[in-house]
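Chain naming follows the written order as A, B and C, and within any one chain the residues start at number 1.
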């Protein structure tokens, strides 16, 4: 029963996205960006295949995380603001179920968008003769795992603050998540004794989003070890679960005034 | 009528103000430097590590950005060598952000030749590539060329090339080139082999043309040296020097069956000038009227950047010239 | 089984504090309220705006957590969720996912409420028919009028055939026909044996519909009891309208029966205690005057309401020391 309810909420979240015109605008924009890769690649007289795919993958990552953040931060807040949550929670739906349903729905939505952008990427690659192989598949899969973490982050902030603050926080986590390895390196090279523990603490607490970034390996067709993909998956799922636990805890204590 | 006139006057006034603002804005924009920041000078190129941290996972596309900047800079410059420092910083960023790139390393080797520092920088970048492209013989070939041609360190050049021999795609004559470099005698042959390969593999058209003209000179020099040999034989045989070059093939006691072409083989028929072999008025040496001078590998008037690099290096370390290889 | 409990809703000493802003300052909006709702009754929860009606209802619906006290529906703590399959809720000015059609939204709520798949479609169709949205069932809610949204709200509240229905200001923003429809619906629900809890500040609706009321003012229950019981109280008044009454008769009515006279000339309205109506009629008729009408005055809820508000103001003036928690009628 609980799974039926969560699934119903998730389905409905997906349906909301599908019927939202904004999403199509973003999708169109993303595909246009993938297309500009063709243009940019002509600026270089060599390795244009690589540049084409670099630009395409960057566009896909940027747009999909953008969708995850900007749809995700309003996810809970919108329901409270528009009071749609009132009737839903008056049904035998717990707050945790509600949160999970919305979360899963948004993850599925971003995955669908990722899929569409992936098809566009494959089409452009095939049309220009750029190589495609299992590395690209692994790359897309890991982008999907990054979305699992980013949507959970957006959901967490959305569970207790306004969309404005939630997007600031989520964007902050995204930036720091990609910086955390550099931060750790900085800490290791630093002479100040106090910095090192702080930085390594941050490294452990912040999501290490570079774990999900194998774009360079995919584009250069370098080997991507299966073990690394599996560990990254485990890391992403585990991290997202922790975030959702925290989000549920905060969300369950909220008053909807 | 009066009211209508007022409305028209007001609309006209608004239109005039709007046009004035558009003109002003455009004029102000025109006065601003319009070049992309990274094109404005090497100071605008970030430190590689900083650029890497700031790309937040978008390293590859960031690398592409700086690569395109480098290509545009080289493409739009009259004399890309003069932009060596700037190009070097750009390529350093590119290869830090995405060390698996292929061409930028050789691009650096081709253009970073304005000063000794530039050549050393290029060599550093080429060595960086070895970790990421362990099987790429061309990068070692370019390093070998730099060591031989600019740093005149034949031993180090031979070492670099030796590693390249046997790698997939490496030409079989590399081992011959290594032998030549080790023997230290046949620099001209080594230069010819290097240049032939560079002409064959360089993607950049401007650089290719430069290499081709250097190769052409080496080719003519090679033929001139054959004629020098024949001239010696003639002197031994006839007890006197030639008065004109054709004597080498005249008569039944000719030392050569035919004179070699006095113009480089790469010159197409349409551009041929009918050049001849002559005796130079001043030095008496055999020269082609195509160049009217002899080629000297180590003092090449036509490759000022090389001369500059070489003299710079000699000033820096006159006592141990030839041992330089590890620029940073 | 929860449905065996005779008190469908039990609120016992519920306190709610809000923290406006981030400080330590606490604002108490419910001061330990208590009341019960019995099976099968229509219960009116009445109070002026800002009294705590909606806060109480949100606590019952699990949207707000009580700071102290206990609230139960059908014997389950309101923080649980399972019992909610027997509960329907219509919020004030309901708003739903406007990207869904009427049919889709009912299907959605039916699934969430655990209506079995086998009977779901039929149930949805029945309700669409019932609230008169069958024709608009495939239009997006975005295109619905306010009245249609209200009917959608009713349909979603009933889609799982609940035993208890909570309505928050169900008449607000509706036109007279809409209000009549809702009144008929509530009466129909009572006919089916459902329990209805209704938040409202429109007293005429309460008078017309409710079996029992609780009056809340400034977070305190000021009255809880049956509406009919008010009718049997002493001091109920009636109004006589008479024509052609002689001045001396009028004076006697005024003096002997403490009647209040209004109007002059031919027609005069006399307001007297109900127990004196018989005597007055005899007196008037015997004097040869005409009696045009006799109207018993029902005790207006408004009076209770006003009494409660006045009591609250007295408490506030008297330092509010009296914190009676949900007693019987005030005063």
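What we mean here is this: a residue touches a chain if its C-beta (ideal position, glycine included) is under 8 Å from a C-beta of that chain, and two chains touch if they have at least 3 such contacts.
A quick note: this is a predicted structure, and the numbers were derived from the prediction, not measured.
Visitor: Is the way these chains touch best called a line, a ring, a star, complete, or other?
Guide: line
Visitor: Can you name the chain whose C-alpha mean lies closest to the mean of all the C-alpha atoms?
Guide: Closest chain centre to the overall C-alpha centroid: A.
Visitor: Which pairing of chains gives the most C-beta pairs in contact?
Guide: So the pair of chains linked by the most contacts is A-C.
Visitor: With centres defined as the mean C-alpha position, give me the chain A-chain B separation in Å.
Guide: 45
Visitor: Between chain A and chain C, tell me the centre distance in angstrom, where each centre is the average of that chain's C-alpha atoms.
Guide: Each chain's C-alpha centroid was found; their separation is 48 Å.
Visitor: Distance from the CA centroid of chain B to that of chain C, rounded to the nearest Å?
Guide: Spacing between the chain centres: roughly 92 Å.
Visitor: Help me check something: in the complex, which residues belonging to chain A touch chain B?
Guide: 40, 43-47, 50-51, 54-55, 57-58, 61-62, 174-175, 178-179, 182, 209-210, 213, 215-216, 219-220, 222
Visitor: In their shared complex, at which residues does chain A touch chain C?
Guide: 1, 4-5, 8-9, 12, 15-16, 19-20, 82-94, 253, 255-257
Visitor: Quick one: which bits of chain B touch chain A in the complex? Just the residue numbers, please.
Guide: My answer: residues 52-53, 56-61, 63-64, 67-68, 71-72, 98, 100-103, 203-204.
Visitor: Contact residues on chain C for chain A in the complex?
Guide: Interface residues on the chain C side: 18, 58, 61-65, 81-85, 87-89, 91, 94-97, 99-100, 104, 108-109, 111-114, 153, 156-157, 160, 166.
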